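Each of the two complexes below includes chain A, the first together with chain B, the second together with chain C.
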Partner chain A sequence: MISEKVKQSFIRIVGSENYDDSKAGRLVYSYDATPQFQSLPDAVIAPRNTKEVSEIVKICNEHRIPLVPRGSGTNLCAGTCPIEGGVVLVFKHMNKILEIDEENLTVTVQPGVITQDLIKAVEEKGLFYPPDPSSMKISTIGGNINENSGGLRGLKYGVTRDYVMALEVVLANGDIIRTGGKLAKDVAGYDLTRLFVGSEGTLGVITEATLKLIPMPETKKTMLALYQDLEAAARSVSKIIANKIIPTTLEFLDQPTLAVVEDYARIGLPTNVKAVLLIEQDGPYEVVERDMKKMAEICQEEQAVSVQIARSEAEADALRTARRSALSALARLKPTTILEDATVPRSEIAKMVKAINEIAEKYNVKICTFGHAGDGNLHPTCPTDVRDREEIERVEKAFEEIFAKAIELGGTITGEHGVGAMKAPYLEWKLGKEGIEAMKAIKQALDPNGIMNPGKIFAKSERKRVVVTR
Partner chain B sequence: MTTAKERATIQQQFQTRMNEDELMNCMRCGFCLPTCPTYIESGFQESHSPRGRIALMKAVVDGLIEPDEDVERSLNMCLGCRACEPVCPSGVRYGHLLEEARDIIAQNKKYSLFVRIIRKIVFSGLFPHQNRMRLLTALVGFYQRSGLQSLARRFGLLNLLPRHLTTMEKVLPTVPTWKEMNDRPKQLTPQGIKKRRVAFFTGCLMDTMFMKTNDATMELLQRAGCEVVIPPAQACCGALHGHGGEKHQAKELAKRNIEAFEQLNVDYIVTNAGGCGAFLVEYDHLLKDDADWAERAKAFTRKIKDISEVLVELNFHETKLKVKPQVVTYQDSCHLRNVMKVANAPRQLLQAIEGAEFREMKDADRCCGSAGIYNIVEPEMSMQILDYKMQMAKQTKATTIVTANPGCLLQMKLGIEREGLSSHMRAVHIVDFLLEASGE
Partner chain C sequence: MISEKVKQSFIRIVGSENYDDSKAGRLVYSYDATPQFQSLPDAVIAPRNTKEVSEIVKICNEHRIPLVPRGSGTNLCAGTCPIEGGVVLVFKHMNKILEIDEENLTVTVQPGVITQDLIKAVEEKGLFYPPDPSSMKISTIGGNINENSGGLRGLKYGVTRDYVMALEVVLANGDIIRTGGKLAKDVAGYDLTRLFVGSEGTLGVITEATLKLIPMPETKKTMLALYQDLEAAARSVSKIIANKIIPTTLEFLDQPTLAVVEDYARIGLPTNVKAVLLIEQDGPYEVVERDMKKMAEICQEEQAVSVQIARSEAEADALRTARRSALSALARLKPTTILEDATVPRSEIAKMVKAINEIAEKYNVKICTFGHAGDGNLHPTCPTDVRDREEIERVEKAFEEIFAKAIELGGTITGEHGVGAMKAPYLEWKLGKEGIEAMKAIKQALDPNGIMNPGKIFAKSERKRVVVTR
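For the complex of A and B:
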């Protein structure tokens, strides 16, 4: 709860128009894109600059008020659900691109900038910012950094982490620090930049970021490989990489996912095949041609029933956009859509696809799978209904078994969506007790009062590990 | 303001009447946010976004919050433009949710006496009765022709109205006379060989205030080879009622229209107002729970088609169309685009006109802020949205803004007036422009 006195101090900082504690105003920040999580904050505050953030944080720290920084609330791990109430901090005013530095190839932004706006702005100058989460038309850079988001181009170009060069961060005590710089090399002290990337708002508030840019690749080609056998598609993925080709994009969609995506996008996707791979390569013309040819051959060797090259950039773009809509499109099937983010080494992708299908059958649940196959990152997704408790239990069991299988294959419980409140109970499976303790020590040092996004990453109680029987 | 008792009733009706599956269908991905005009213009407030509004409706159903003033505010601020629907991968039918929610609130809320009277006049007294619409229009005509208008303008009487209404008065079309309005055709023969038999849905406002545009529509249909029937028994489409929380009356009007059209044996029922067409095309949803009418409504909606699509289908764009050289841009009608899914045909027609250089306006698909009676009840937001629209229109350097719905047409005219551009920019309905191009 926020006392009247504290409320007045907040209002003195940001003005009454940027402080909202109405019921409706709080309700619309009580959720994110994660199903089954909702909790009201006590107030929503929209600071206008770093100094205001710092002052707000100081008050929260003094009064032990939980603070939840929030971008567009598209995360899938209950990362911005204010499960312990407190203040939700929104960056609708702090949404400017501050500088595009064409000499050092960097861009400096405020946290509320929308990912796609940034990508478009730098592309106008012939520059390229690769991390492109499917949610990029609404996700913010602040959110991307804090979830270390990946995207369709992750296979070749890496994830958000690989592009963050410098940060301005407000720490839990209100101190403002700057990490990194526009430097190709920098070993002055601990790499705090990397620490804050993926920290899910639990260590500090990011108020500015300098991101690395690269030159726009010269050409790009896109193709779709069609399969009547899921595992054959998955095998093609491992084989392409084993053949020392790193395409920009290597995405997997199974039949039920294709069907809903086509239902929405209506671009003539094949819905009568068991799976497709969306493959892209960019770079110098000759390299792209050579790689595309080779990949097409590999797909055909692996029983692809057809390999089609997009005839125009418009067609290619329609394919990418369709792929990006996969998760939301799956939501049309049932009232509740639960998705996972299990990730395995690329070589294990066919085994993982097989295991997912077996597990779905074992628990008698419907699982549709799509994902960044080239990254070994799959999104098995279950259309269900929270009102059917019995089914939800089976779904949860199935997903636990999928996590366990992923870890057994040398993988992880989340590749890009983060831990948040949702996967906190499973984190120990991946890290072990000692791993968790080391992370807790960092958290304790930077946020001794536990005001920064409490209840995320670290769970109150761990899940008992399921044992997978093969 | 609602009383505690009213709020309790509203909440309880939310629980029984709102479609919970549809509410849950929203997975809160936020993909609709960048297309929502009120989200953008409110400075990115979630409570003025589709995702936020759905969450609020659901929270009322779940009993998490009361339907208080702020909830109502959020729903009132919605344009109902439905731009959030085509971009929603999950296929949430937001428009239906909004309509139901507004109906529940309107039916259970005690409005102030003034608002009650206005609602009564508009919803029951006026729109369902075409003869009264004619009378009203005739009064406007009297005002315009008798010299009253110039008197009122000269003596600054209009300054007593809020500014946007004063401007609105200026942009009203010169309306037809009482006699003209009462002398409407019932059947028209095609010019040349008959290619289709169609019925024309005239609309209440279109057949009075915008009668000329209706005449142009029928003329174009004839030129394109259509036999046109105009059943006199048809009524107002009911959109205003449906969107304004008077669902019951909307249903009655729907039934009247279905009856008026179902025996005509036509290929299409043609509309020339996106707002009406979109409501007609959803009669099946409106009457889905009415066993006697559900099937008949379906048959009716299958036949609804916008004039521009009919013209393209009949290759009207391949006939000779020519205007004097000018730059033309097109403002989508939200309901034509988002509900009837017509976006290409009007552009295709415009691009076929010799002399008209078509330039696409940035965000042409974003609402102009007219939105039924929104520009009267939410003037501030409406004008903010309009100002943005006019900036985009100016960037195209167009001298002609083409629209496909009377509300949008008036709003664009209003925008032109507000910007002081009326000397070299005009707004026209697409059929009027096509008739001009086809030679009158």
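For the complex of A and C:
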């Protein structure tokens, strides 16, 4: 609860037009893209600059008011659901690209910049920001940094973490710190930059970031390989890497996903095969040509029934866009879509896909699987309905088993979506009790009053998912 | 001090042959490669496995005995000087390459593996571990991880941090945790892996690491560009990057360094020019050819007096080896060699080189400068003599001014050597009071009794370097 006095303090900082505690305003920010989680915040505040953020944080810290920084809320781990109420911070005013530095190959941004706008802005200078989460049309950079977002180009280019060079962060006590710099090398103390990346707003509020850019690849080619055998597709993935080729993108879609995506995108995707690999390579012309040829050979050796290279950039773009739309397409099937991101070492992809199918059968639930095969990062996705409690229970058991299998294969419960409130109950499976304790100690050290996005990463009690309502 | 009873506990764990508290044994581990720092440990212990490390740490924690994990002691920040005594942990028994995983492109090692041995072992499989600190012939991987070592290939390939995927770490309470995995993507909780990388043994003892490998580049070419004008050399660096070429290596040596290196290596380096750039590119044949041609043109446009491409791999290797020997060569000049690594955004290289020369003149000290120009990571180096207190005072003032200038230009006090005991007094210049407080809070959270490599990173009192003796 926010008292009238505290409310007036907030309004003095940001102006009444940037403080919203109306029922309608709170409702909008009571959920994010994650199904089954909803909880009303007490207020939604839109600061205009870092100083205002610092002042807001100080008040929250003094009065033990939970604080949830939020971008576009596209995360899939209930990372921005205000499950303990409090203040949701939105960055609609802090959405500027502050600088593109062509000499140092960096871009400096405020957290509210839309990912795709950033990518387009640097492309105009011949520069490239590789992280491309599927949500990039609406996600913000601040959200990407807090979740350490991945994407389709992760295999070759890494994830958001690999591109964050410097941060401005407001700590729980209101201190404003700057980490890193426009520096290729910097070992002055602990790597706070990367500690904040992926910390899901639980350690501080990111108010500015300097990101690394690289030269735009000269050219790019896209290929589709079709399979009647899931494991043959998985073997192709392993064999490509074992042949020392690292493609930009190596995506996998199973038959149920293909059918749904084609129905949505209508670009002529085959729907009568068991699996598809979408493969891209970029770089210098000669290298791309050579790699595509070699990869096509490998796919054929591994019994691909067809290997087609996109004839035009338009065709390639249609394929990429179709793949990016997988979640939206799947979401049309049923009222609720649960999309997970169990991740395994890439050598274990075939085993994982097989296990997912067996688990789906065991619990009699529909699971469509697609994802970043080259990263071992799969997205088993279940179209379901939260109102059907009996089915939801089976779905949850199935996913629990999927997480356990991923861990068993040397993997993790989340490759790129984050832990949030949703996967907190499973984190101990990956980290062990001691690992969780170490992380909690860091959280406690930087946020002793626990105001920063409480209820995320660390589970309160047992291992069940719950629908949270207040 | 270690009591007889505690000594016997240590011996019960590791055996008497792995516990050394002889004067001679302690003397060997009383210093590292950093001048002006020496302090005797109370004992030197060589554990044989992680369990033994954990048991040793528990005893140290119980009895508040400082613990200094040490590789080959090649660091240049007094990072492994046991300035508060206690136990030095050496890893001569924990020096195995445990696995090279060709499917997942990883290598798993114990901390005592020599960097170059690792590089050679993976090269035999056609794989590449890029971080190549100049000390790699004798440095250990454990040391590299603790210091987040850089090297000559950092411009294109990044530093040690960019290759550490998973760690096994013994925490101050004796807990053994595992971070990360053979996973291209993993966002299960805070990024402890990268928090430990570069933490200089102050947060835990690293007992195992899984490192990322990449395919071996097809080919490599090496070029020397000679200049009669320092700033022209610096401008060439900026212009190469601005032309969207990221070479593997872009090293700078000034005339005094050149003269010394040639005198040491005798490979026919020119000694009558003001500066040299050593440029390397690797990758597919066509790309390397094209990039080398373009870079040669850029150097010529920027008034290089000569641009020569190495005619053979032997010649190229001689050039690289000569560059790597810069510290050894400079160390022959005077009894003491102080080598720093002030780092700036690469756009500021010309300003920084100019400032270093002006500062050297102001304090009447000899400073030779070489380093990783492409990274903005310079190594101003002063041949001096610790016994000449008057000169040492001028040297320290000069370096203080160099650090201040680096910060002023948006840089850092250390690009790849670490903070250790040596640069602790300057850390606040880079991080500010609030930044230091945040790091201290993390240190306190993970090591409440302060046993892990005490006296490093965080300064005890004022800003002066001191010769430490016990």
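We take it that the second predicted complex is superposed on the first by the 462 of 470 C-alpha atoms of A that agree within 3 Å, B and C clash if a C-alpha of one lies under 4 Å from a C-alpha of the other, contacts with A are read in each partner's own complex, and residues count from 1 in each chain.
Methods note: contacts are C-beta pairs under 8 Å (C-beta built on N, C-alpha and C of every residue); 3 or more make two chains touch, one makes a residue touch a chain.
Nothing here was measured: the structure is a model prediction, and the numbers come from that model.
*Asks:* Of the partners chain B and chain C, which touch A:138 in the superposed model: first, second, both, neither?
*Replies:* Once the two structures are laid over each other on A, A:138 reaches chain B alone.
*Asks:* Between chain B (first) and chain C (second), which, if any, makes contact with A:23: first, second, both or neither?
*Replies:* After superposing on A, A:23 lies in contact with chain B but is clear of chain C.
*Asks:* Determine, under the contact definition given at the top, whether A:72 touches first (chain B), second (chain C), both, or neither.
*Replies:* First partner only.
*Asks:* Between chain B (first) and chain C (second), which, if any, makes contact with A:59: first, second, both or neither?
*Replies:* Touch status of A:59: no partner.
*Asks:* First (chain B), second (chain C), both or neither: which does A:100 touch?
*Replies:* Neither partner.
*Asks:* Pick one for A:121: touches chain B only (first), chain C only (second), both, or neither.
*Replies:* neither
*Asks:* Under the stated touch criterion, which partner chain does A:305 make contact with: chain B (first), chain C (second), both, or neither?
*Replies:* Once the two structures are laid over each other on A, A:305 reaches no partner at all.
*Asks:* One more residue to check, A:442. First (chain B), second (chain C), both or neither?
*Replies:* Only chain C; A:442 stays clear of chain B.
*Asks:* State whether A:332 touches chain B only (first), chain C only (second), both chains, or neither.
*Replies:* first
*Asks:* Of all residues in chain A, which touch chain B in the complex?
*Replies:* 22-25, 27-33, 35, 38, 40, 72-74, 90, 92-93, 95, 114, 135, 137-138, 261, 263-264, 325-329, 331-332, 335-337, 385-386
*Asks:* Considering the complex alone, what residue numbers of chain C touch chain A?
*Replies:* It comes out as residues 101-105, 126, 147-148, 150, 154-155, 159, 161-162, 171, 175-179, 181-192, 194-195, 197-199, 203, 214-216, 238, 241-242, 244-246, 283-284, 286-287, 290, 343-347, 372, 374-377, 410-419, 423, 427, 430-432, 434-439, 441-446, 457.
*Asks:* In the complex, go through chain B and note every residue touching chain A.
*Replies:* 20-21, 24-31, 33-34, 43-47, 49, 51-52, 55-56, 59, 64-66, 68, 70-71, 73-74, 88-91
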